[in-house]
Every structure is written in C-alpha cells, then in structure tokens.
C-alpha cells in the first residue's frame, strides 16, 4: 500500500479506461452504413447517396467530439489522482459502462434524424449524456472525498474550479433533452455547444 | 532473467490482457441492434421500441458488470505477481479466450430471453461463467504455485483470502446454470448477485 | 506543471492515440465480407469468389498501408514533443477523428471499384486523405509553434526536414482526388505511391 | 539517439502491436453468428442450433490459439530487442497487416467447413499462415541483422535457438495447405498441432 504500488494501480485503471474510450470512439464509424445502389448507378448517384448520409455524419461528429472531451476530462481527473479505492474503481466502471453505450444512441439518432420519430431519438441521445453527467459528478466526488486519493500538490482552488465546471453538464444536457421535443436540431446543437464550451474552458484552464 | 526484465514481461502481458478486456467489454454494445420501424412511425412508437429492447439491456448490463469485475480481479492477481512462466502465460491465454467469448452468449441471451427457448439461452450464458470460474482458479493456482511468481511482500494470509473468495465462483455459477431450467430470471439474478457480492467483498478487502 | 508530470500527460495522449490507430487499422478487415455461395458450390467456385474480392483487397491494403504510415508519422512527431497544451491536444483529436473515419471511404471504394460509380468512390477516398494532410499540417504547426512543446535536443534543421516532407502530402492527395475522374486506378496508385514515398524518405531520415 | 529514447520508441511499437493483436483476437467472436430460429422454438431446438455451430467454434479456437501464440512469439522477439530502425518497423507493419487479416479466413473456414467447398476454405486458411510464417522470418532477420537492434545480453546460442524454432513454421503450414485438398480436418489439425508444438517448445525454452 506504499506510493509506487498505488501509482501502478492507477496506471492500469487508466490503461483500461483509455482502451475503452479508444474503442468506443472508433466503433462509431461502424454505424455509418455503405449505401447500396443499383449496379448501373453512376458517380453522381453515389455522390448524392454519400451526401444523403448527413444525419449519420452529424451523429458521428457530435458523438466523437463528446467522447473525445469525456476522455480529455477523464485524463484531467486522473492527473490529480495518485491512488485508488473500491469506490473510485467502481464509479469509474459505471462511467465506462456509459461510454461503451454511446454508439447505440448515436446509431438511433442517425437512423431517425430525418423521420417523424426524431424527437424520441434526440431525447434518447441527449438523455444518455444526462446520465453520463451524473456519473462524472460521482467520479469527481469519489476522487476528492477526504483528499485521500489526490496528489499532494492539488490545491482547494483547483478542486473548486473543477467542481464549478462540472456544474454546467447536468443542467445543460437536461435542457438538450427537453429541447428534443421542440426542435431536434436545437437539441443536438446544445450537445455540440456544451462540448465546444468545455474546450473553451479547458483552453484557458 | 533478472528482476527488471521479468517486470517488463508482466507489464506486456497486462497491457495485452487489458486490451482484450477493454475490447470485449466494448463490443457488447454491438449486440444491441437498432430497431427498424416503418418510415412514418412517430416518437412514441420509437420510445416503445427502445423500451422493448429490455432483454438486450439486461444482457448488456449483466455482461458488462461481469467482465468489469473479471478485469478488476485480473488486476488484483497481477498486483501480487511480478514474474511470469509458460504455465502462467498460457493459463492467462485460456482466460482471455473465454473473455472474448462472452459477447456471444450475451447475444444469445438477448435474442432468446422473451422466447420459449430462454432456458437454454440462460444455461448457455451461466455455463460460460462456470468455465470462466475454472479458468480463474487455474490462473490463481499458476500464480501461487511454489511462490515463484509472487512478489515478496505477499503473505500466506493474503493468499488464503484470495483462495477463499475464488471458492464462491464455481458453485455459484453452477447453481445459476441449473436454475436456468427452473426460472430464467433467477438464473440471471444469481449471475448479477455474484458480481455484486464480489464488489462487496473487494470493498472490505 | 513540472517536467515529469508533463511527460506523463504526453504518455497518455500517445496511449489513447495508439489505441485509436490500432483499432481503426484492425476494423478494416470487417469491410471484407464473406461471399455467400449456393450450398452445393465446390472448391473452385469458392476460389473464384475469393479472387473476385480483389477490389476489397486493394482497398484494404491501401488503407492499411496509409494508416500504418500515419501512425509511424504520429510516432515521429511525438518523439520530438515532451509537453502538451490545449491546441495540440485538440488538433490531435481532429486527426484521430479522421483516422477513425478511414474505414468508411475504404468500404465505399471496395463496394464501387468495379462499377460505373467508381470515380466518385475514388475521389471520396483520396479526398479523405486531403483532409487528413491538412490535419497533419495543423498538428505539426501546433507542435513546433514557439518551440514550447518540443524537446530541447530538437534542432531547426530537424524541424525544417519534417516541414519539407509534410509539403508533399497535400498536393499529392489533391492530384489523386482529381485523377479519380480520369482513371480510378491512377488515383489509388498515387495514394499507394505517396505511402511508399514516405517509407523511402523515413528510411534515409 | 541515446539509450532511453530508443527504449521509448520500442515501447510504443510494442503498445501499438499489442493493440492490434488484442483487437484481432477479440474480433474473432464477431464471426460466430447468433442462430435465428422460428419464434416458437423451444430450448432443445436452441441447444441443437448452438451445437450445430461447431465449425465456427473450431475456427474460433484454432485462430485464437494461433494469434495468441503469434503474440507470445512477438513478445519473445521484442524481449531481445532494444532499438528499432525503418526495416524493423515496416517488417513489423507487414506482420500486423497479416494479423489483422486472420479474422477473414477464419470466417471463410467457419462458413464453408461443412460444405463441398471446404478444401478451398481450409487451403485459404492454412495459406494465410504460410504467408505469416514468412513475415515472422523477415521480422526475425530484421531483428538480428548485424546485432544492431539486440540487447547486449543476447548470446549467439539464444539466436540460434530462435532461428531453429522458426524453421518449423513455414514447412509445417505448407504441408497443412496441401493437406487441405486431401482432408480438411487433417489440415486444421496440423495448424492446431503447430500451435501446440510451439507451446511445448516455449515451455522448455
């Protein structure tokens, strides 16, 4: 239970988490299906079919951006942490469960974005990120609780800054989920904007 | 065959194992299929279709939880080990073979959970974990045999604690397999409970 | 923000990037579909069907070669870098987005290479690498800007050599994209030749 | 170009290679398809359908075993090596290309093992390992050439032992390929036996 051994333990949690994030983000492409055209179709028909896949591209881009930022975020938490305990390990597992789930609502969104069922698809999509926001909050609480897992150089100010930025996620995604029933693109736009906001914040952080 | 070289060897076995665990756990989501509805279906039809996928969610959650705990478990064994030999390497390979197999019985369970063939699907599912329990037992025996692979700080008490907790797995999953022919949900419940029990044990360990 | 901590940060970006490259390159094989023949077909029919998959093999080989060289390239950039900042992190994310996208144009190329729509498929394929060239240029600019992220042993000559070799990519892939409308195989040949050229350059570098 | 930097370079090649091996070995399970039975089928019909998938299990097991041993083998080569050059890097790339290809002949074998086209399927399968044997030989030659990449503790005897064991692979898989046209199971048996032989050799090595 001395320093170097604990260091190694966090290292393997990070390696496993990196693997899960990397696979989930790469599997997204499998949801963009090759269009099947009649044998004699010419180049312009294929061009039109590729352009017609835009709902898949929108879903792919938004999900990629969101998973990438979740990874950067995860990375930022682990830079502050040098130990692990059972609560932190299993809260991290809950987060990874939700990360591996993301390709499924992404596929639902791509399939139904242009159809009458789009509001349910967008609400399911944004709703997934509501649950993920809660999981991040739980992981962050597990990381800072009693300061037992934190590196010694972490100040109370750094903790307060992180806590503040996490407060954006949950209400933001709740609004995106509600917006799905008013305007589907507003809902997706809020999800993308939250990702962009996070980048802007981290750029100055 | 000196210390640092052996350390490196275990490191690469862990990295490879982490990769296999991370991929197997992430592939589970590919077994949840996007429902295909008639073009004019509205949001409530999609909502009902997503809710109707509950057997897939149950299978996904149980398998995720189980693979995650197997990973934590694997991690715990490797924290005690600092060397490797051929027996340990190939027993670990047998375990990884079974880990990569898990998405298949998971897909079978999701497909047949609501149908008359459910008992066979649940028995196949729980039976996979019976075999995995045996593989864990073999890996553990390969790790502790003659203490040649163990770190020097590992006490006989720690070994006895691990051995005791491994004794739960095999009879538990055998009961789950038998229960499949009486009540399918009891069988899955036992699998989930065994995972939960393991978390509870490791929390106090 | 001292040396060792920054080192660790780059390490995790590399690990995540390696994961994404490794998965994207391995997923390419999923786009080669098993041919389905009538039940009574003999060995020579299967042999002919396997040979008839040559457009898939061409697409697989070209994409594998290109992703592998992108990885070697990525590796070469990170050998010069020891720190990270937000711009470098997110430019790397843009590059990874494009790497995960590659299996899709590869599948399009394999599907349409022998059909009248081939020029659009080849232009889409080569066009993807045009965008990737731009992303590499942006990553390289983020790496060298103000020398803040570079290791101290990196000389101006080394930087100039890298910059020169990056200048090949963009015009080369633009020519390949244009060539798609004249001759599809010339377009693919240019993509493969650019990969080969890069290997030749790195061999003497 | 000093020691520690070269060490790091090999480390990243190993990490990337481990990722590719881990993904290729885990993707094998995706080739075992869930059997689709009529809705009213009972447990015994599902049991029979699962048993009827034996060609898929045979293909899965043989490929898993072979990729796992290739990984252990790769691992053994890299334990002797501490530097990299362009030839070693790209020969390793060729090997990884072939590793990612393995799921495709595995799927072909599983699909056609019980059908008249089986000899072509088995020859394609064993033939893939012929090419892989050649790639291993090339990687081994790149590793030992002029001793420039080897660790200093590697003796000529160790090199000769490795070289001897590599001589088994090529003729063994050539015989398996030819045997495919006489008896399909003999061909697969030789592939499995070669894997078993390798384990036996490494056990005493």
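Think of it as A, B, C and D in the order they're written, each chain with its own count starting at 1.
The working rule: a residue touches a chain if its C-beta (ideal position, glycine included) is under 8 Å from a C-beta of that chain, and two chains touch if they have at least 3 such contacts.
Since the model is a prediction, treat every value here as computed from it, not as a measurement.
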Statement: Rotating subunit A so its CA atoms sit on subunit B gives an angle in degrees, to the nearest 5, of 90
Interface numbering overlap (same over half, different under half) for subunit A and subunit C: different
Task: Averaging only over C-alpha atoms, locate the centres of subunit A and subunit C and give their separation in whole Å.
output: 25
Query: Per the centroid of Cα atoms for each chain, what is the distance between subunit B and subunit C, given in Å?
result: 35
Contacts with two or more other chains, residues of subunit A listed in rising order: 15, 19, 22-23, 27, 30
- prompt: What residues on subunit C touch subunit A, complex-wise?
  reply: 5, 8-9, 12-13, 15-16, 19-20, 22-24, 27, 30, 86-87, 89-90, 93, 96-97, 100-101, 103-104, 107-108, 111-112, 115-121, 123-124, 181
Message: Considering only the defined contacts, which subunit D positions touch subunit B in the complex?
response: 14-15, 18-19, 21-23, 25-30, 32, 34, 36-37, 39-47, 50, 60-61, 64, 68, 71-72, 75, 78-79, 199, 202-203
